[in-house]
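The first chain written gets the first letter, and so on, giving A, B, C and D; residue counts start at 1 in each chain.
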């Protein structure tokens, strides 16, 4: 990646917060008031841990590796970390976590990452370039296609670059709002699809009718022009575009405790 | 009935060139020792099946043991890409690798159906995804009661399943606990199976959550730390530093091959491999 | 989120006349206390679902609470017939009972499909049996890969599931161990659920094998020995003598009704019922 | 039932053995050399326990309630006795016992009882009389239909009365050899069906071609005429009709220890 992963820190109380930290803090806030979160691999994992510690102590974190009700005290390096199992209320087999728990309709929020995302919140984590002659072979689907389909709603966390926020996906791994409008509903999917995309620049949400992602909040110190530059489609602003509340000391302190010892820039 | 045999014998007896093999493990209990032994014995043309191929399959693919990979997520968790997997897919090195990919839910349903003696599994899955267009093993089925259309996936029928577990008891029954993935299903949908364990015990630990009775396993081999750099809950910690180091070891072809030659192909067994790693770690500390 | 409430409140709030209700338990952990409370509160017109209806459903059917029974094996295990069930089926007393019957495998698949959010389950079952001819909830489905025809069963969608378990923890999570039947599946395919437990504890016992998280249960009531004459592993033994005695109590209509009036309808709760049984047992010993 | 459940004891070393005991002992012998037995509810339960203790210590007993590898020291009163779980290698859920273990093709012998059985080994445990106006409502199918279908072979244990061994079943609960010949195979069932029917009078086995049950062994002191009298179809004798070896002291002593305290004449 040649684009800088972080923008300049904002000159606020959160001046010490990196863009990644703001993204994680804002993602964690999205879990306020939720009961159950199916935590996908990647960036969402640390935000989910943060949400449990700061906002929603009773939030039930469920991982595709089987832990139900995990209570991680540090950001898991992988989705199958021993600590997830050790702190969980129960650890079930992988077939059960997908059948009884996800497909059974028991997940309020699916929390996903993305390598590419389009204006309708469809996600690619499979391949850049043609499928049979890839330029970049990505890890693949994991649990995401069914999380995207079955969770009551989906929140996506992704760094905001023009490589990620693209006009057209090279491959649809996990469905968002499909072609917009009612097209997702027409596929018969149980869940409502992405309701928020949290980036290191701001927050995008689907417009009511079109289901196209529009910018609804911008992080402190970020210019709208930067967001537009790094978005591969002509990004529109919500009528009520707001500025993100900067991270509180509690949020930031907790996040840093959670992240201690974790490799930086990790994708897992 | 499970025979307690050295791992080299188990692999020699039960794994053949061209087999469809699942070395399963979801972050936890990944059967590295067994995979290394397949490499030492020069197995070729394997179809490798696994939900979450990580370093072990990167190693096997990088040495050209596999011609096909059936999977749902292939990466170095928390670190990044699998360079050898990518090199095989992107540049056909050391040989082309045919990919068949699924979602986790689809793979789990394929294992579950195979374990259940059914030809297919049913799920709400793949809808709206491009995945289904690239495999013949995803189709649809209509509910005879509601008329609703659902996704069908073909059951797995494996030649060999290989898993690592914590314990085998004196009667050859295998017990494991912690994150248990699809290990039970993998063993139950394979014609032949090999289990490596940390330890032989009189009675399985009360923490045991998944039991593989002796009579569904062909061979059990005691290989302490046989999951390294993965872990076995109650016995070892995940070697996260090794996972990070693998990014460097595997990045380029020659150093990868050299590392594998020295650490895997030219060691006699997994214990020697572990001793070599330990000696290197000690030397690294000493040279600081 | 599970509320810790008295059983009478749980039944009053969550069970309605005409509901489809499963009080599950496979010999072990049968929720007698909850069933009795439904009788005390005069529930009628229930569709009772259970793999192995035994004394509890005999009692409920004998008092006319049920109009339909969906089941796979109805007997007094080790003793013989369920006289009240037979009287209802053979003579329509106290009212006709509509039967829908399955095999255990079929019932288990119906529960499993319901818990999984699927409209049907697939199995190799019912083939050559007359069972399928008597229900609309057994059909066939064709494998899209092999062309093979398999049996499909309709998923359960219950109004209420009721189970008994050993423990609830301080956060309302339920834990059980021993023979666990289809209790988890029953709870997961019901709109509403009630769990009675032996005990409230700080932390679930390490023997726990099945966990029902607080957020999939509506109400939890602490009812020690709430499974009597069935048992709760770690807390009580099965009262085999009572099962044998039931053969006499239930054989004829009037004595049955009288026994139920005295022991169930006219006791205020399950604790009083247990005290009454204990007093009778003591008197019987004294009069020898 | 008006027929006597037992015939007069034979004047042999087993003179003290009741007809029920001979039946159980002979049924247990059928499990010699087998690895896994799925134990149905009813008479088979005690025979399976006996087989493990006397003939085949490594015999794996699996019960529909979930215990795998149970080692009962007394005859279980029910299929869900606590002792079965306490002594088992593992206890799985009921869905799993039927899907992974029975349907998965891992059962050598299914061990079943019967209220009615016909010449082709088809079994009725549902109803006597018309289904909607039954004369006797029986307990029903339980696990039997799929045990009968999926176990590699099936052994039936039943007291020999003309009410049980009938010319025509009132209801087919569990399939045996269907209409005989290749008709079972034509249904596509995985297992081979009944290979032995053990009664308190003798042993019946299917003829090679027709798959009709014929008498292959008769218990000590039992007259062929008695067996014929109590069989609802014209029962044929195998060319090689043998007399059952009487119960040994070990068999009988073990059986009686197992049965101690168990209600007599129990159906469970």
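The rule we apply is simple: contacts are C-beta pairs under 8 Å (C-beta built on N, C-alpha and C of every residue); 3 or more make two chains touch, one makes a residue touch a chain.
Just so you know, these numbers come straight off a predicted model, no measurement behind them.
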On the document's contact criterion, could you list the chains that touch chain C and likewise touch chain D?
B
Using the stated contact rule, I'd like to know whether A-C or A-B comes out ahead in C-beta pair count.
A-B
Can you give the whole-Å distance between the Cα centres of chain A and chain C?
42
In whole angstrom, how far does the Cα centroid of chain A sit from the Cα centroid of chain D?
58
Whole-Å distance, C-alpha centre of chain B to that of chain C, is 41
Roughly how many whole angstrom separate the Cα centroids of chain A and chain B?
28
Residues of chain C that contact two or more other chains, please.
117-118, 123-124, 148, 184-185, 209
Hunt down the residues of chain D that sit against at least two other chains at once, touch-wise.
99, 103, 150, 190
Name the graph shape formed by the protein chains and their touching pairs; answer line, ring, star, complete or other.
other
Can you work out from the touch definition every pair of chains that touches here?
A-B, A-C, B-C, B-D, C-D
Contact set on chain C toward chain B in their complex:
117-120, 122-124, 137, 139-146, 148, 150, 152, 154, 206-207, 209
Which residues of chain D touch chain C in their complex?
41, 64-67, 76-82, 84-86, 91, 93-95, 98-99, 102-103, 122, 126, 131, 134-137, 139-146, 149-150, 171-175, 178, 184, 187-190, 262-263, 266-268
State the interface residues of chain C toward chain D in the complex, per the touch definition above.
26-28, 51-52, 71-82, 85-86, 89-90, 101-105, 108-109, 111-112, 123-131, 134, 148-149, 178-182, 184-185, 209-210, 231, 233, 237-238, 240, 243-244
Can you name the residues of chain C that touch chain A in the complex?
1, 115-118, 171, 173, 184-185, 188, 211, 213, 215-216
Which stretch or stretches of chain D touch chain B in the complex?
35-36, 58, 60, 68-69, 89-90, 99-100, 103-106, 150, 190
